[in-house]
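First the structure, then my questions, so here it is.
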Amino acid sequence: MQLKRIIEENDTIAGKVFDLTIQFLIIVSLISFSVETIPGLSETTTQFLKLIEVATVSVFTLEYLCRVYVADNKLRFIFSFFGIIDLLAILPFYIARGIDLRSIRIVRLFRLFRMFKMFRYSRAIQRLKQAFLTIKEELILFLIAAGFLLYISSVGIYYFENNAQPEQFKSIFHCLWWAIVTLTTVGYGDMYPITTGGKIFTSIVAVIGIGVVAVPTGLVASALTKVIKNEEN
Amino acid sequence: MQLKRIIEENDTIAGKVFDLTIQFLIIVSLISFSVETIPGLSETTTQFLKLIEVATVSVFTLEYLCRVYVADNKLRFIFSFFGIIDLLAILPFYIARGIDLRSIRIVRLFRLFRMFKMFRYSRAIQRLKQAFLTIKEELILFLIAAGFLLYISSVGIYYFENNAQPEQFKSIFHCLWWAIVTLTTVGYGDMYPITTGGKIFTSIVAVIGIGVVAVPTGLVASALTKVIKNEEN
Amino acid sequence: MQLKRIIEENDTIAGKVFDLTIQFLIIVSLISFSVETIPGLSETTTQFLKLIEVATVSVFTLEYLCRVYVADNKLRFIFSFFGIIDLLAILPFYIARGIDLRSIRIVRLFRLFRMFKMFRYSRAIQRLKQAFLTIKEELILFLIAAGFLLYISSVGIYYFENNAQPEQFKSIFHCLWWAIVTLTTVGYGDMYPITTGGKIFTSIVAVIGIGVVAVPTGLVASALTKVIKNEEN
Amino acid sequence: MQLKRIIEENDTIAGKVFDLTIQFLIIVSLISFSVETIPGLSETTTQFLKLIEVATVSVFTLEYLCRVYVADNKLRFIFSFFGIIDLLAILPFYIARGIDLRSIRIVRLFRLFRMFKMFRYSRAIQRLKQAFLTIKEELILFLIAAGFLLYISSVGIYYFENNAQPEQFKSIFHCLWWAIVTLTTVGYGDMYPITTGGKIFTSIVAVIGIGVVAVPTGLVASALTKVIKNEEN
């Protein structure tokens, strides 16, 4: 079967054209989805975006039906990871027709699943996956340690700053937000300590926070070194 | 003794259930502690939180008594690191009964010690510990170097900015806060130089600051690579 | 030919003097270009800067003509990468004479190409180039993954914050700006989530963002280790 | 000579006590220097700080004279790196007596040189020095590349933002400050792009900026791995 080879394989010119076309349409669809959110669009632009929407969804529907058609085991494809994603990527378009317009907004988020389809085309993703599997245990350990640090930081800053800035450092949950913004070194500046105790505490936490960033970087660095070395042998 | 094995070991189903239950209750207790700090909670929620408090502390007390009971050397357990933590985790609950309500707040901070109990269950923590022991000397050296840089930065910015912003860059101690926020690249934006000299000085300090973050990252990376390599052999 | 050796090679004293003079004039020209942008310069300064401009461009023109003269294949040099850069570095000066003064501003940006000439003198740049070629595939993979994360973050924050801050989180494109500022941990503080949902979402994104910074760092670290090791053998 | 051994060596108990005392006094002197900058100190505190000043400088003077006395080649010690630092650490105290009070402020900055004396005691500093010598060339290359990126970023943002925010992005030199704050990911929030072009440009620059931080981190990581490996063999 020629069609099967074009759709499922990547080794013919037709197959490559097919793959690239689908990838291009996924990106077009994502951009059009983003443009739609800009407030105050003209009537012509809205009409044009709707046209793109109809066009891309039509192609994606055709692609989905073809994939089901050429699959050796049709049911297995439908309930496979990519089968479900392919369906979720087109479903909101059809469902949203009948019901009210407000709900479309949330349902459309599913359109993002289209993006994940791109992963099918990337062989290189396997290498990254392998690197992360090598350090899975260490990363979990790091996440637990980071969680501990975040929690202790939140409780600490709560006791130091709650009296001085009750509106900002309202509860431990509000302090958790501060702890994440500080320890990831994002530092928006919406919340920061003003008491001397809070500043000293933050200083200690921020220095430890460098270590928190250092550990996963070190983990990824050593894992990638290992994966690259293994590929050479 | 069956009970001893359940409490102290991890190799039976009952032992695993016991461990997971205690871990789950520690997390429940920490969440309930955090929820309590939210201002303006309803009477029902407060009652419910008090109930959780009584329940978890009861279980922790029972656990503590059991641990003392099954210990071969009872006194040694009581004065061991985890023995003291187990006691500190439940003590505030009983002490806070008799005395006035304001003091509870500070005493309750000890409840956080419950969190450290989780470390007992983690075997993986040993690996991280080993990595940090490998680079202990280098980390101390880095901390001293970082301390030098922080101090020099503070003194420098004090001379550049004190005249222009006397309220912000009040003393070298206030500048130390600025130095930490800048060198860890958190950058809240509560203090920043406005004079040309201060900006040039900060630029030099910030570029060196990249190195300050680079050194511990490099240390952790090489230590982890070493630990992983040693485990393979 | 003596002149050819001085201009194209680096192994005589005259050749080294020639190279260092050109490098020095490039830097002088760049500084003078920067000083010109300071508003409210005195007439004397402006005159002095114009003098520097005439002087440097004269030398660069002479250099360009010499390079064309000594080249074995004149046409090949003119259309080579550095031949075009050498021409672009002097062209705006002559073109801007005839036309109106406003347009000079944009055309002058080409002067920056002078800076790239410095690369010709740096042999060490080859080593860095080699390190980046080693990890080219991984870097592309990372950039795609980073692009995915940026897009998903933007869409997510748009749904969480658009209702609460319609002016700040106006469209997915405005959110993309927020995503870049947050994931690179720059954190200007011009846009940040205020809803609970948005804060929780940002927390997850920021923690993943540490990984985003960790991957290229790890890649560069392993590539540089490899290049250094290869040079030793 | 016993005195020579105590002062210059570290292998006797008296020698260790001497070294630790000097180190302790350096820290006391630095703290007292910092406390002095706090505005609104009471008369008693000022008097107490002056006492500490006199005491520490006396000891440092005595130490300096002893070091000159025990040195085999007195002139060589006086003009050595540490000889000059030792002198600079005490000189301002004596000079500041005669002249007016305002100038003391700047002269006192030399007191910071006392801090560098600590390096004499640290043997471990040699190891870090070795690691940095290994990657000296690469670090210089990185600094040049970083300089290029900073300059291009400044020029770019100047053209994008100068019209929209002439007060903030006044000249290329003002933009250089923005470029450093952004590329080091400090992100104070005192200057940020508001135009669409400026935001797109900043996004590209910020993503490249991750690489800028990644390169020295990778360099330090590989250099430290090498130094640690060499010490093991």
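Going by the order they are written in, the chains are A, B, C and D; count residues from 1 in each one.
Heads up, the rule we're going with is that a residue touches a chain if its C-beta (ideal position, glycine included) is under 8 Å from a C-beta of that chain, and two chains touch if they have at least 3 such contacts.
Quantities reported herein were computed from a predicted structural model and do not represent experimental measurements.
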item: Chain pair equivalent in interface to C-D, over half of contacts matched, among A-C, B-C or A-D; value: A-C
item: Result of counting contacting C-beta pairs for A-B and A-D, higher pair; value: A-B
item: Approximate Å spacing (C-alpha centroids) for the pair subunit A, subunit B; value: 29
item: Separation of mean Cα positions, subunit D and subunit A [Å, integer]; value: 42
item: Residues of subunit C whose C-beta touches two or more other chains; value: 176, 185-189, 213, 217-219, 221-222, 225
item: Subunit D-touching residues of subunit A, taken from the complex the two chains share; value: 185, 187-189, 217-218, 221
item: Residues on subunit A engaged by subunit B in the complex (per definition of touch); value: 137-138, 140-141, 144-145, 148, 151-152, 154-155, 158-159, 162, 166, 170-173, 176, 182, 185-189, 192, 199, 202-203, 206-207, 209-211, 213-215, 217-219, 221-222, 225-226
item: Subunit B residues within the subunit A interface of the complex; value: 30, 33-34, 37-39, 105-106, 109, 112, 115, 122, 124-125, 127-128, 143, 146, 176-177, 180-181, 184-190, 212-213, 216-225, 228
